[in-house]
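Read through the structure below, which is laid out as structure tokens, and then see the notes.
Note that the chains are named A, B, C and D in the order they appear, and that numbering of residues resets to 1 at the start of each chain.
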């Protein structure tokens, strides 16, 4: 049976350009642990792409590492990281931030569309006994952009939430596991979405969007960057042959690869969502990027599965569909046909 | 100027067979986080190679991660890991084991040839106030095999040290960042060198010996393996597209690749050491595998450097030379010529 | 101005019998760190009072220490502790459990009357992806008994929640900072409320109820007890002159002192609550023990303050009143008079 | 049989003045967690005694807590604390500093008379690869004053070691578990021995020298003090009825109590050492304060024990004798008589 892959963007293969860069890097010898030329070049690529003259980049090999290390460099052990209650750092990283952050707390707060709002943040901050050591002190605001439910913050959304956070001097982090998908959807610059919006440190995803084994921490804040030199190493997140991580990231960020691959994922999802809407399917989310959460009966889900559609069941009548750089128009047509058949039955 | 690379084996490129395996794995989609077929196959490859029916393998991306995670699964936070005072885990991992092990202590002990001896271990254990909570309680014995100074333990050496450790029920770990080089030198089976010698968990190096970005934890102990499922994840050491790590490790372990590449490194070093001995150079170590620490005057070192030899200065008149899977006979001839010229000058 | 103390039971002085025991212990010399006769005797007192032949007791000097250490011995670092969302361990200990528990997570769940219910626990456990390392795995169920809002669990309440927890093999902990107040209110034995209800480790409060600087961990579970020998020490929670901590705890538990002092606190609160009810005051909690949360206008609170009543404002029109072993009938009469005046104004 | 207590100064009872202060504090109610008048007064007492206008004091209940918390506020998790290889923080605190310091390393270095020397520190610092994240970066210099072997640093000794440390911007900590004994021996001011010598944070011992359950962290460095507000709390080291800790410390520091009690301990030890020297006994240490390590045959030790002398055997023919505020001239006469008899036999 032919299957149509809609489980996750991290099931996708590697973008040819990225794999080619890895292959091209495989000659001669190079200093380990980032002492190589490609890693040096990566830094200037990052500074160009993010239009930031002193940004520092730390290639790592998982999004959890990027998040937990970023947050550990922004949050003291007695502090807390404020995020949305649906955030990946809270629900899907096995308390990695508490481990690498020396016991720092993560606090999930409410907000429509799976997003922190100025009101929900204000409410959370109002409830804190500031300076009282019985209470973990909020020190970092962490956005998931896009959210784990496929919604995005506009630049204005971010600005208004950051403005509230700044009244309490919160540092700002973005979990950008799918940042490129948000960039494409917002059609804004990487600089606007990050440091110009007040972001101190970014977890820059690449693997879900086509890399082999590369994520990166991009630090706009100098003090955090200095800590990350040590924090990445002692967490085992400085690869020895880093040139092969850097090669991936250069190919990813260079020549607009990341935006092209994300654009495909977003476009395919837009097609899928439009098609499903026409079929009368309702969604648990607003599909701003490449994720959709249709609400379907269990028997419909069973039939989709039988028809070869690969997806996740989220419980309570919701399924998850995710497109990737690899998803084709034929995949979407096939998925829509499967839905039509299942719904008609 | 042509250079001859002898700084470290981790400056080497990727073995063609391993890179080919990565490229070959790049098709279709596959479940993330190790839910793929290659990772499943890796487990059976590991069980075959190590002749152990229930061994578990956890691909990670750095040797520090492999070590610190392995040790965290063997040592309680109030325990200590006993290793040689020259061990990598003690000197070159920025206390990663203390971070990931919840504050566990590492205790370096003496021993000739950079190796723990039964006597030095007995002496250390005799000095412990067992059961007294003022004292970190030794719980793990960690061998570096080969050592960071390029010496190896014979199977008998290991047996006699483990026997002492077992009188105090110490768990046993091997930091095998260069395990293949030891295997080749000892001409013994992977099983004999690990679980048949009493080893509970192994840090299996691959990157220094030709992989792209793959190391692995091999757990022979079931309880440790169960912990590692969680410990690897929360330290950010479960890569999303794990199939590409697993593909490397399959290619590495399969078809004796790892032994072939290590054999080259060892053989080239044997040539180099023999040649230098003839030139009257003395060494700070016994070059059992692919590392040599010649004792040379600073001006000799300066000339070697000027001649294009790439190596590290270790202080106190010692330099470090390391061969790899990539080192050629011509490299060694060139290095010997450079030495001859420098010494003659 | 005469004041009436109703801020907290931990503002109270030391019960004369307990201070007398400290004074009586001050002679001769005694081995430090618990090697003294009084600490040995304390163990048998605890075993008698809790009717448990192998219970172990660890005197500590704060309730936060008792909780975080207890939980660290029951929960692996990748696990989570499930408690009510109003629990002290979640809200008022600055993530101490995450620090001492190696990054373990605390998860607050809902439940009426500030108590976990079988339904809310079942709901939380149903939402877990068991065995999936992305998710902190619930391992411990922690009751606050009485709760921080002064309500209690009956033995049946505990049994029904524990029954749900046992379907997932959760360990059970009680934060008993005010355990004596619950014991008095329930009129049950210490054994019934703890190990016979399935409790593995108890944080036994004493300071709020009249001790000088003594809390204790009581471990019914042997494995946890063995860990606590080391965990208490390395967290700095083994006092050197432990005999003076043990003397307090012997005096506290012996001769029913703890029940007498708690009975006074509960009885005074019952009088206060009855009196305030007559005055038409409504409460945010059900005053099962010695804590009451009246809902009053800010100007009423202002007048109460002006009249010399000492209490805490909890925000949103609620104040907190707590009685202690020291609270007298005159205090309550005075408080009621102050309320009557303020409400009449 | 009458015994003579020479095991440890922490076996001693509480100095009457200190216990009286505790009893005197036992009236009325007072805010918990240091919000009381006595704790406020303690701060000004500390500032007076240490002649430092902004010193902050944090009462804790164990020396291990004082040390590990102090160091955690001075050393980043990737840093290391340099101390003598005989230091209590390295050998007798079960890696508490690694626990509370987020995995920070402790590095013991050599030095005659159990003291760090400028040379041994320089040598250790010279061996560091500064800025290389593979290596724990030394950030704190910790003196044990007096050392665990009863020797002291003169002000000049400290100055010369600190001068070396300052070349690498090391923070400075004193483990002053027996600081008063050193002060008496040196006949210098508390200010001279601490902040005027460059000390940032002091672990101020009181229990061994006569308090009931009180140690303190004295922070001269403002940033460390700010961290300690949170670090003490989340480690469970903020006692609820802190007034009783503060009362002890006020009585201890006020009216020169601490110096008087330490003077007795030192004087009794001087008598003992002089007497033993006359008997021809040799010592493993220079008894600068109240600790002596005579070298005696096992059968001599057996006879001393049989004669009622209480002491510790340290292995290798050495025993440990410690005097306290409680030791009398009769105790010393008795001890000398026991030695004379044992040696004569």
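Everything below uses one rule, namely that contacts are C-beta pairs under 8 Å (C-beta built on N, C-alpha and C of every residue); 3 or more make two chains touch, one makes a residue touch a chain.
Just so it is clear, the model here is predicted, and its values are computed rather than measured.
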| item | value |
| --- | --- |
| Chains touching both chain C and chain D | A, B |
| Most distant chain from chain A, judged by the mean position of its C-alpha atoms | D |
| Centre-to-centre distance between chain D and chain A (centres being mean Cα positions), rounded to whole Å | 50 |
| Centre-to-centre distance between chain C and chain A (centres being mean Cα positions), rounded to whole Å | 41 |
| Inter-chain centre distance, chain A versus chain B - centres from mean C-alpha coordinates, in Å | 34 |
| Residues of chain B touching at least two other chains | 77-78, 93-96, 99-100, 102-103, 133-134, 230, 233-234, 238 |
| Chain C-facing residues of chain D, complex | 5, 7-8, 10-14, 19, 22-23, 26-32, 60-66, 68-69, 93-96, 99-100, 207-208, 212-213, 230, 233-241, 244-245, 310, 326 |
| Touch list for chain A against partner chain C, complex | 77-78, 80, 91-96, 98-105, 127, 133-136, 315 |
| Chain A residues touching chain D - in the complex, by the definition given at the top | 33, 76-78, 102-103, 131, 133-134, 137, 227, 229-234, 238 |
